[in-house]
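Each of the two complexes below includes subunit A, the first together with subunit B, the second together with subunit C.
Then we have the complex of A and B:
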C-alpha cells in the first residue's frame, strides 16, 4: 500500500494568541497539518460553526489541502459529530494536536474518538514513515529521548511539540480559498453548557515548610545551613577516580553495565 | 582562700561554646562513662559548659553537638506516626509516572492529594507499571502497593495497562483514579483511561476546593472549576506531599488480572539519539567543562564516548573553546540533568544557579576548597585530563570485553 493511497484527515481548531488574544490557527494543529502534507491525500476538518470560516482560512493558506467545516451547533459535542463523520467516511490516519487553545482544552478528543471508532491512539508523535506493513512512528519522550513504534492504519496520531515546524500561511492564498461545508451530527454536551471560565489565577509559589517541634529545632532550621556535601575522593591513580565516576553513572543507568 | 577561686581558662571555655572549633568535641566529651564495676556513671561536673557570663549552661536540646543532632533526627524519623488501614472498604488509586524509576515530586504531590480525599476506611493504592527503583513507598503515603512488571507492561504498552486498570476498577470499590498530568506518561494514560470509562475527567487540576477543583483550561490561560471526577489528572503542587506519617505499603495480592498480550501498537524500542542534538536544558546527562580543562580534544572524546551532552562554564565560552549556546548558568542555560559532571569548574554562584535543578553533581577539580565540591555528590580531586583519559580508557576497555563476550 503506497503512501499516496492513504487517506488522511487533520483535525483543525481555532487558536488564540496567548498575549493579544486574537484568533489565529492553533499552532499544534498546524504542525499536524504540516505532517499530513507528506502523507498523501488529505483533508483539514473542523467541527464547529461556519462563522469561523474566515479564521480557518489561515490553514487553507498553508496550501496543503482543502479545509472543511463540519457544521454543528454551539452547544453540540464535536466528538459525537466527528465520530459520526468518520463512521461514514473512512480515514486511514487521523492527525490531531494534543490540546486545544480554547475552551475546556482537556486533550480528551483524540482518545474519545479512538474509543468510539475503536482505533489505536498514539501520542507525542514527531515523525511518521510508511513501511510495507503499516506505519513506523517516532514518539518524542521527555529529555530528548525517542521511541520507535509501529502500527497498522487506521489509527489516530497526536502530534508532539517537537514535530517539524509548520510552514507560514500565505495571506493571498488564504483569502482566495474556499472553506467547504458539511452538515454535522448534533448531540448536546450538557456538562460543557455549565462551564464557567475565568481568567487564570496566578499559582502561588510553594514555600519551604519548616516542621520543627521544639523551639531549638526551629532555631536550628533558621540558622544552620543545610549544606550536605558529598563524598570526596582523592584517588591515588586516575584509574581509581574514573572507576568511582563510572560506578555512579552505572547506578543511574546512564552507562551500560556489563 | 585558693579553694574558693575557681580557675577558668577562658580560651578553653570559648572552645567549649564554639561547636565549630576543631577541639570542641574533645573538650565537651561525654560526661557519661562506664564505671569500674560496669555501672554507668554520670559525672555532674562535666555536664554542660560555662556560659559567657560565668553561669553554667546545660545544653539539653543538644544544639551544640553536631553528632548529637544527627542521632536525635534519626529518632524523630523512626517515631513518625504510623498510618495503618487494616481492612479498607474503599480505595483511591494513584498511578505514579516513576520517571527514571523513582517517584517524582509530581508523583508525591498527587499521593499527598489522594490522602486529602481519603477517609479512615479508604486506602491509597499506588500501581507501579514496569521496572522501578523506588523504595520509599512508605514515606510517600502508599497504603497498598501493586507492582505490575510482567513483560506485557514494559515500554509503551497503553493497551495492556488500560485492561489492567479496567479490571481493577471492576473488582475493587475505587472512588478516584489519580494521575499526574505530565508528559512522563500520566497525561496519556489518564486520558486513555477516562475515555475507556467514558467519564469526563478533571484535567490539569491544580487547586483543590471543598468538593471541586480548579483546573487550567484554554491551554493554561483560563481557569475552570470542575466537580471531582472518577478519573483526575492533576498538575504538580496540587497538594503537599506526605511527610509526617509512615504508611504500610503492603502488597495488594488478592487481585487476579487477566490481561491479553494482543496489542495494535508495537513498541520497537528506544532510538539512539545523538546527545549533541538534545537541547541542553532538557538533556539527562551533561559533561561540562570549565577553565580547568587543559586538553579540549580529550573532553570532546570523553563526551562522545560517555554519550553525554556537552556544556561549559562562561570562562570556557569566553575563551572560545565552546560555543555560546553551550554555556550553563545564570546568563546561559538552566539545565535539569539527572547527572552533571563539572570538570574544572570552580562553582561560581552564577554557574551554580544554572545547575540548581540537577539531581546528582560529580566534580572533577584539583582544588579541594572550591564551591563546586560543596555542591557535588561525588568529588574527585585530580587533574581533569588524567581523569577524562582514564574514563575513556575504562569505557573503551569495557566495550572491547563486551564485544569479545558477544563474539564468543
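Then we have the complex of A and C:
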C-alpha cells in the first residue's frame, strides 16, 4: 500500500495532572499523536463534550494534524460512538494510549473498539515504521526487551510508555487552531449508568531518610551507588532459597516472627 | 583649463559625497522602518541625542579612558570639521577666519585618529578587524589632506604654493576620507555607527534607560494577537519582526566587543557571542542593501559552533533568523545576565533581542530545548518548575509556625518565599530570614501554598503565556491582602514582581532581603556581632545588582559584621554571572568550561574563605562546584551566625513595630 493513502486516527483524551489535578493533554495520547505524525494523513479525534475544545487545543498546538471532537453526551458510551464513526469513515490505523487519565480509566477502550470493528489490536507499541506492504512495529516487552512485528493495516495500535516523548505544544499554534466538531454519534452507556465511582487510594510508600545537608552531599548521595550489604546466594535446594528469602523478609519486618 | 577646474574640484567632491550621504540616509531609515512600529515622539528624541551622548554614552565609554578621550577628539574634530568644510568649501564663507578654525579642528581630529591607529597596532581580540583596520587610515587621510589643502585656502600660506599635481593627489586623499566618512556612514561602512548610533540614542526602545534610569524589566507580549490576526506571530522570527528602533540599535553596533569580553557564556566557550548575535541580525537585515556586508564580519566567532562558519550565516529581512543566521544553541546559552547590555557603549539591548527570538521558538515552534519543555509543563501543571505538589510549598516551614496571609489578611511585611521553598538549600536561607525577621520583631506573614512561581523562569524561556498566567494569578492573590511591602530572598522574584508585574497591574514595594536587613541593622533593630571570621568576598547576583542597582546593602551588612571583606576583580556592575540565570541551567548548552567554575576561580583569586551570596540560584550554582572551594553562604545565614539574641522571650514575641 503506497504511503500517501494511509489514513490514521489518533484517539485523544484529556489528561489530569497526578499532583495538581489540572487538565492537560493526556500524556500517552500525546505520544500516540507523535507517532502518528509520520503515518500519512492523520486526524486527532476526541469523543466527548465540545466544551473541552479549548483544552484539546494543547494537542492542536503540536501542529501534527487537525483535532476534531466527536460530540457525545456525558451519559453516552464513547466506544459505541467511535465504533459508529469508524464504520462510516475508513481508517487504516487507529492509535490510542493505553489508559485514560480520568473517567473510568479501565484501559478497555481500544480492545472494545477492536472487538466491535473486528480489527487486530497491538499493544505496547513503541515504534512504528511504514513499509511497502504494511507496518513494521516495535513492541516493548518487560525489562527493555523489544519484539519486531509486521502488521497489515487496518489495525489498532496501543502506545507503550516507552514510545518517544511527545513534542512540545506551541502556544501560538494552539491558540490559532480551530477544533472541528462531528455530531450524531450518541449512544447511551448502559453499563456505566450503574457504576459507582469513588476516589482511588494511594498505596503507602516507604519514606527515605535524607541526611544530606548541602547540595554537594546530595549530589554524592545521588551519584554514588547506595547498595550496601546484601549477598549473592546460589541455593542448592529450593528449601535453602526459600529460607534465605524468608530471613530477609523477617529482617525487613515484612513478615512477622511469631 | 585644469587650473580653472581645480578650485571647484574639492567643493564638487564634498557636494557629491554629501548627496550620497543623504541618499544612503534615506535608504537606511527606510530599512529600519521595515521593522514593527514602536512610536517615539520625534522632536523630543532628536533633542535628547546630544545630552544623552554627553551624559549617558560618555559615562559608559569612559570606562575605557583611552578610547573615550580618543573618541572625543576624533568625533568632535570630525563633526566640527565637516560643518566648517561645508561652510568654507561649498559656501565659500569667510575662508580666512573659518579656515583657521577648520585647521584647528582638523588637527584635533588628526591627533584622535593617531590614537585610533595606535589602538589598532595590536588590537585586543574583542575588536573586529577587516574594514575596521582601514578606519584609522581613512581618518588620518581625511584630516591630513584637508589640513594641507586648507593651508592655502585659509591664507596661512600663499594661494598658489602647491602645484596642480599635489592638489590632485591631496584631493584624492580627501575624497578617500570623504568616502569613508560620509558615504560609508549611511551605506554600510564602519562609520555607520555614528549615524545609527546618534539616532538610536534619541529613539531608543527603552526611553527610561537614560538620565540615570534603569529600565530592565522585559516588556509584555500581547498574547491575544494570534486570535485577532491569524498572521500575527508571537516573538521574533525574522529581522523585520523586531521593532524598528531595535533594528536601528543593532545597526549602531561599533563592533567594539565590550559585550563579548563581559559575556560569561562566551568565556565558558558556549556558542554565544553577543556581538556576533547583533552582527548576524545586521547581516540579515542589510545584506541586500550594503554590498559590503555579505559575510562581512571580522570579529570573534561563536565558540564551539559545531562546524558552522561565519560565512555560512545567511539571511534576509524576511527570512527566519534561527538556523539561517543564528543557531538556536546560541540563543539558549544566554544567562540574561545583562553584562553585555551594561557594557555596550551604543546602548544596544541584547537581552531583549535574545528573549524576543526565544519567544518565537517557544510560543510558535514549541522548540524549547533541554529540560525546558518539562519545566514549562511543570509550571503549567504545578506552578513550580520541578513539578512538586503545589500543596507542599509550605512543608518546609512545618516547624516554623509562620503566620499566613490567608489568616492575618493584613501585615507589614509579606515574605515572598519563592521556589527556594521546595529546595533544601534554599530552605536553609529561608529559615535564616525568618529568624532575622523574628529577632528584629518585624510583623510579617507568608502566602503559603497560595504563592506561585513568580514566572521569571517561564518568561526567560520565552513562554510569555505561562509567565502572564502565573503573574496574573499572583497579582490576584496579592490583591486580597494588605501589606506595606514584599521582602524576598530571591532576586529573580524581586525583579519580576517589582519591575515586570507593574505592566500587568501589580504595583508593589518590593525589597530584597539584604536591603531590608540593612535597614533593620542601621536602625538598630538587628543586633550583630562584628567578629565575623575568615576572609569574605561577595558575589553580586545579576538580578539584584545590574538589574536593580543594589550593590551597597549586602556590602554594608558584611562590613557591619566586621568581615575581612575583599572584592573580586569582577564585581558590582561588572560582576560575572554564576551561570544560573535566564534558564541557562535548564537549557544546559555545553561549553568548554562551566560558568560557576569560572566564578569560583574569581573567588579563589581573592583568597576568600567564604563567598557571600544573596540569591538561592547563586547558592546552588556555586555550591555545585567541586571542593575544595570557599564556603558558600547566603548573607542571611551569615547574619544569623552573627546575631546577638538579646532576650529570647522578647525575640519570640510578635510585636509589630515600625520600619522605615
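We take it that the second predicted complex is superposed on the first by the 199 of 258 C-alpha atoms of A that agree within 3 Å, B and C clash if a C-alpha of one lies under 4 Å from a C-alpha of the other, contacts with A are read in each partner's own complex, and residues count from 1 in each chain.
The definition used in the following text is that a residue touches a chain if its C-beta (ideal position, glycine included) is under 8 Å from a C-beta of that chain, and two chains touch if they have at least 3 such contacts.
Keep in mind it's a predicted model, so treat the numbers as computed, not measured.
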* Per-residue touch tally on subunit A - higher for subunit B or for subunit C -> B
* subunit B versus subunit C as contact partner of A:241, first or second or both or neither -> first
* For A:20, select first, second, both or neither according to whether it touches subunit B, subunit C, the two together, or no partner. => second
* Counting only touches as set out at the top, which of subunit B and subunit C does A:62 meet: first, second, both, neither? -> second
* Determine, under the contact definition given at the top, whether A:191 touches first (subunit B), second (subunit C), both, or neither. => first
* Once the structures are superposed on A, label A:214 by its partner contacts, choosing first (subunit B), second (subunit C), both or neither. => both
* So which bits of subunit A does subunit B touch that subunit C touches too? -> 213-216, 219
* Structure fact -> The subunit A residues in contact with subunit B across the complex are 16, 18, 99-108, 111-112, 114-115, 120-124, 136, 138-139, 141-152, 155, 191, 195-201, 203, 206, 209, 211, 213-217, 219-220, 227, 229-235, 237-239, 241-246, 248-249, 252-256, 258
* Asked: Which positions of subunit A touch subunit C when the two form their complex?
  -> 17, 19-20, 22, 24, 61-63, 167-173, 175-176, 210, 212-216, 218-219
* **Complex contacts: residues of subunit B adjacent to subunit A** => 61-63, 69, 76, 99-101, 155-156, 158-159, 183-184, 187-188, 191-192, 194-196, 198, 200-201, 203-204, 206-207, 214, 216-225, 237, 240, 243-244, 264-271, 273, 277-279, 282-285, 306-308, 338-339, 341, 360-362, 364, 368, 373-374, 376-383, 386-387, 389-391, 393-395, 398, 401-402, 405
* Structure fact -> As the complex stands, subunit C meets subunit A at residues 223, 226-227, 230, 233-234, 362-368, 373, 376-377, 380-383, 387-390, 424-425, 463, 465, 619-620, 623-624, 626-627
